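Working notes, beginning with the structure itself.
Letters A, B, C and D name the chains as they come in the text, with residue numbers starting at 1 for each one.
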Amino acid sequence: MSIPALSINDLHKSFGPAHIIRGVTLDIEPGERHAIIGPNGAGKSTLFNLISGGYHPSKGSIKLRGEEIGGMKPFKINRKGLSRSFQVSNIFSNMTVRENVRCGVLYSMGYGYGFLRNVGNLHDVQRKTAEILESVDLLDKANLPAALLPYADQRTLEIAITIAGGADVIMLDEPTAGMSHSETERAVALIKQATEGKTLLIVEHDMGVVFNLADRISVLVYGEIIATGKPTEIRGNEKVREAYLGDEADAIEGDAA
Amino acid sequence: MSNVATNSVNVLGPTGSEKFMRRIMPLIALAVVLAVIPVFGPSRTVYSLLNAMGVNIVFAMSYNMLLGRAGLLSFGHAVYFGLGGYAAVHAMGAIEAASYGDGGFWASYPVFFLPVVGFAGGALAGAVIGWPSCRRAGTPFAMISLGVAELIAAAGFMFGSIFGGEEGVSGDRMNGPELFGLSLGPIEEVYWFIAFWTFIGVLGTYAFTRTPLGKMSEATRDNPERVEFVGYDPQKVRYLVFIFSGGFAGLAGGMAAVNYEIFTPEALSLAPSGMVLLMAYIGGIRYFAGPILGAILLTYMQSMMSDYSEAWLLYLGLLFIVIVMFAPGGLAGIFVGLFSGLRGEDAGENFRRWAVQVAGIVLMMIGIITLVEVSVHWSNNYGEVFHPFGVQLPHDGVLTWAVIFIPFVAGVGILRMAHKNKEGQA
Amino acid sequence: METIVFSLLNGVIYGLLLFMLSSGLTLIFSMMGVLNFAHASFYMLGAYFAYTISEASSFWLALVFAPILVGLVGALVEKYGLRTVHVNGHVAELLFTFGLAYLIDEVVKIVWGRNAVDYRVPELLDFPLFELFGAQYPAYRIFTLFVALAMLAGLWFILNRTRWGLIIQAALSHPHMVGHLGHDVPRIFMTVFGVGCALAGLAGVIGGNYLVTDPAMAVQMGPIVFVVVVVGGLGSLMGAFLAAMLLGLLQTFAVAIDARFADIFGWLGLSETTELGSITIASLAPMIPFLMLVLILMIRPRGLLGDREL
Amino acid sequence: MKRITSAALAAAMSMIAVSGASAETLKIAFIDPLSGPFGPSGQAGLNEWIYAADQMNAKGGINGNQVEVTGYDNKINPKESLVQLQKALDSGVRYIAQGNGSSVASALIDAIEKHNKRNPGEEVMFLNYAAVDPSFTNDRCTFYHFRFDADADMKMEAVTNWVKGQPDIKKVYIIGQDYSFGKAVAAAAVKGLTEKRPDIEIVGNELHPLGKVKDFTPYVQKIISSGADAMITGNWGADMVLLIKAAVDSGFEGPILTYYGGSKGAATAMGEAAVGQVKAIVENNTNLPMSDEQAAYVDGYEAKYTEDNYYYHRIHNAMHMLAMAAEKANSIDPTDVAFAMEGLEYESPNGVVTMRADNHQILQPMFMSTFSDDVTRGVEHLTLGWKSGPNDRIEAEDTRTETTCKMQRPKK
């Protein structure tokens, strides 16, 4: 058995008296596309922040390709090849689209904190930036200020920055939130293409997206994973139905139909 | 795929000629201006003013590396200016001692390159003080810079052997090897020295904005959280920028050391730190050239406006507050706005609107200036009376208050009307 | 023994004055996020207003009306100045108050002249209250102690026993919440800013005559106010109180210590004849606040009792 | 020329004028703070210079040349002073007057020395009326610098000479600002006291940071518990006023010997409580017995500048000695005047004053003045003022100190 790309073991997180993550255990294989679903307030964002270094775990371990990363600073984790996007667009709004992507590229290409090179002359960076923009179909908007992009494009840019550094574990936090139906379709296609061969961990509310993208799904409820399995297994799971009441339960069934 | 990408590199970013116009031309223009000034045969006053401006330009540029580019508000930037300057002045002493003494390294070090020593001094100070300061941006950074500035300024007066006590450390720039045939004695020759290093300072700070670190400093300013998730440690970005900013401040200090041949502990205190903040902000921190404008204007005000009015500090404060409140882009922002407005489609309309605004502002200023001057003359109690253009305006004259209120009210009215019109159109 | 008694007494009184001066800024800073650079300028205005009022009538009227006047000025500044720059963020607000401090300084010089004014302790209180180890203790200093305590009590009462106070308390720790509860946020801000300034003004009325009332007094007090607020911690008046006391006591006790660096670090080979060795602890006393400021920000950015980091 | 030259005109002229002394006016550039916190004391100095020039002009000027004093605002900043110096040079000034701040004086001495070396024929003379760092007339003495005030060491010489005649003083506490001047004062005090009154016990010698102390009570209580019966301080500005207020409030009863007790604004700030205790070592006070002529001079000044009091008597001396030297040299060229100034004796209202040739330091009688409510001429619109008794006079010779100056003179 290969080393899992991401391995979480008995992870806990408390904020004061509030015990948000209560013992999550999860292994994600290399190349797997894994979705985390769950009702609002289940702790999905907290889990994301724990993995990507935003929060310090209260207990438990997080291993990236067998190496412990729990409690590491985000930039260290990022350098080890794990990159994440944000639920709310978190871009450099004073910069152009091209510069945004370039920020994502620079470190991975070894330019780090360099102060002796003109970024305009770094042809490998230029080329990589262009490739990324090409792959997310933002090339024609490359020189627009990011703040002026339409919402869906900002979400796309968010993904572009996330994949720009070439990380092989990608975490996307509700990448299609707030998008129209056609925009969502395009986004899903884009995600599929851009994360080809990479490990993907995604949090998503849109069940269509989830069942379309994911190889496996975990259901997080009140800080605990109540089920993990292939999409078909999850659909049939009784506990999942209980956790999802009303509309959302229908959504699962509807998609199952 | 790679083929497409290679082609598209050309589409991305500015073209060669755009780059030239936008990046190289302004620098050439600066160099030409610097080189042409002496042709007009400036007086000593103008020369010494120009030299002071050169020093302040580099100082303000270094400050803007922090405030404008990295979003770090410092109240103690003069610490690095001063420490760099002290390093340079001590080196100047070493050059003098070495050239009359037993030679050695300093005997062959030209005074012309003292700003390099200043840079090293400032950068070193930045490296030592920067680490604890740069943990976070915003208010904590500002407060630490204030505390550090107070401590260092106090130390400046306590350690006489380094800072020379009240009368400071002085040196003589006419020692050591000459460079470019400049003895650096007469002020005209010092001008060339200042011009050279001003250019280097501007070039250097500009080049810095083009480096990966410079770009990431802007990214860190706008969104420190995101920076962490693309592999950068915001604290380290800030720290490195801080060192460079200290270095360029030290460079300016080195220029000042050669220009004035003396450094005193006041140079470390809060007053010059406040001044450089005003320069950068009034000039416009979001524009590269902003601090240059601010440095030129404030240096002029400081040295010349006190001849016209002793209330110059009050005017400075007013100017600053007006900029903070109504023109956060500073002077550079105003210029850019004017320029792009005049090139747009409705240039005529814009022009008319500005004419009205300028008229309103001028009227308001007449009222305010009269009020300030009348009050200042009256409060001095020397029986002096404000008498612009031969008109006597005593503090208890009806005419005086008419000159104060009528233009002021008219100006406010015009500005309000202009504002309403604009909103009505929008 | 006498050193300890003196230092305690002086430290407490100085600390109370500092607290009076800084409590207003803690309110403003915690709720509005505005680190008001001009806070000490309002302290100065308080002293000058009190001087003018007590020239015309009496000190006791000044004690009441000068802070109110300062509060009104503060409210106006908030309404017509600060509110405009609010949209541009905290740095713009900080810079606005920075410019305001310049401006108030200059205006004070024009209105009241550039020298110290003759603002003195009221005759009723101008006598030595008691004698301690040969040194007299002026009654006015004890009076300041009572005024400060009265202010502390008043503040406590308002904050804990009135509706307004409860809103303010809520806003201190959760500034974003207040708007959601349907309160008129701009008016709350204006009031808090005005009250904060009035408290500084009260400190000016009390401190202006036992120290000196001149145009430099704002610059002198300015930075130390920040120290109290930052060291005390965001959102905590109690923290500000503790910090002010700590500063007052530390400074006065340090003055009493005659040791030189050479005495302390002698084991490192530091001799008394060197520049460093000859520095006394006493001579460093006024630098202690700034050292504390830097250390606190480095080690414990939330301050002594703050409920969140700056 | 009666007033400050119209500022606008001066500025305009400075931009175009070619340097070179004009034939009919002797221009003095007054480079001192005229705005900011030190503005008042600078302005008072400027007023006295202008008044002295007016009086001189009324008598026909110096060698028939009118004297013109122009103020240049240096914001008490050494670097700004050098810019203002260039402005002054451009408008043809050959005489510089300055006094506030040894840092500024140090910068100016240096810059003038270099200017004179680099621009022969355009030499400039520095009339120092208040910067008291002893080094200016010792290690760092230069030919074109003349000091008309007693330096810090000489003042302490005068103070300790006065203490010699006060058998009541047995324990002295020295307190000062922690920078070069405060340290120099403390060292001179220790030296002077141990030489002249070995029986006096120095019960404390303390430095505090410059301009940072808000409440001096802790210091004062330390002083009181040390049992001191006199206090010596070189403090100025707020540091002095706050110290004195704290001292009298806490019931310190001995004399407080200061350098700058008489400075502008101090009397108001100290108030009546300080009467009888605060003393200042000065070259003059307005309650000394004086001739009618001198009285008219003082009254004329105070009538013209109602906000000021006659304080800088040395400016009066400087102006007269400048005139005498110019007459003696029959020239207003600074080099000639400087040679004539060396060793010059002037019969001043308070006695003979001499400009030492060896280090260009004035020697003049000094007075220990006491803050008093029993005076004919008050200060700052108060009934309080400064006066001194017959035992408070220290003769000029008794303030002389050894000098290490090795004067380098230009060739005549």
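We adopt the following convention: a residue touches a chain if its C-beta (ideal position, glycine included) is under 8 Å from a C-beta of that chain, and two chains touch if they have at least 3 such contacts.
These figures come from a predicted structure and were not determined experimentally.
Touch-path distance (fewest steps) from subunit A to subunit D is 2. The greatest centre-to-centre distance from subunit C, using averaged C-alpha positions, is reached by A.
As a whole-number value, the distance joining the C-alpha centres of subunit C and subunit D reads 36 Å.
With centres defined as mean CA coordinates, subunit C is found 49 Å away from subunit A.
Averaging C-alpha coordinates per chain places the centre of subunit B 32 Å away from that of subunit C. The set of subunit A residues touching two or more other chains is empty.
Within subunit D, contacts with two or more other chains are made by residues 39, 178, 209, 212, 307. Residue positions of subunit C touching 2 or more other chains: 113, 283, 287.
Under the contact rule stated at the top, the pairs of chains that touch are A-B, B-C, B-D, C-D.
Contact residues on subunit D toward subunit B in their complex (touch as defined above): 7-8, 10-11, 14-19, 34-36, 39, 43, 47, 72-73, 75, 77-80, 82-84, 86-87, 89-90, 101-103, 105-107, 110-111, 114, 118, 133, 135, 178-181, 183, 209-210, 212, 305-307. Of all residues in subunit A, only 52-53, 73-75, 78-79, 83-84, 86, 90-95, 98-99, 102-104, 106-108, 111-120, 122-123, 126-127, 129-131, 133-134, 139, 142-143, 161-162, 164-165 touch subunit B in the complex they form. Residues 71, 73, 132, 135-136, 138-140, 142-144, 146-148, 150-151, 154, 158-161, 270, 274, 277, 281, 311, 313-314, 316-318, 320-321, 324-326, 328, 372, 375-376, 379, 381 of subunit B touch subunit C in their complex. Of all the residues in subunit C, the ones that touch subunit B in their complex are 35, 81, 84-85, 88, 90-92, 94-96, 98-100, 102-103, 105-107, 109-111, 113, 223, 226-227, 230, 275-276, 279, 283, 287, 290-291, 293-294, 297-298, 301, 309-310. Of all the residues in subunit B, the ones that touch subunit A in their complex are 1-2, 4-6, 8-9, 11-13, 19, 207-208, 210-216, 218-219, 222-223, 225-233, 236-237, 240, 244.
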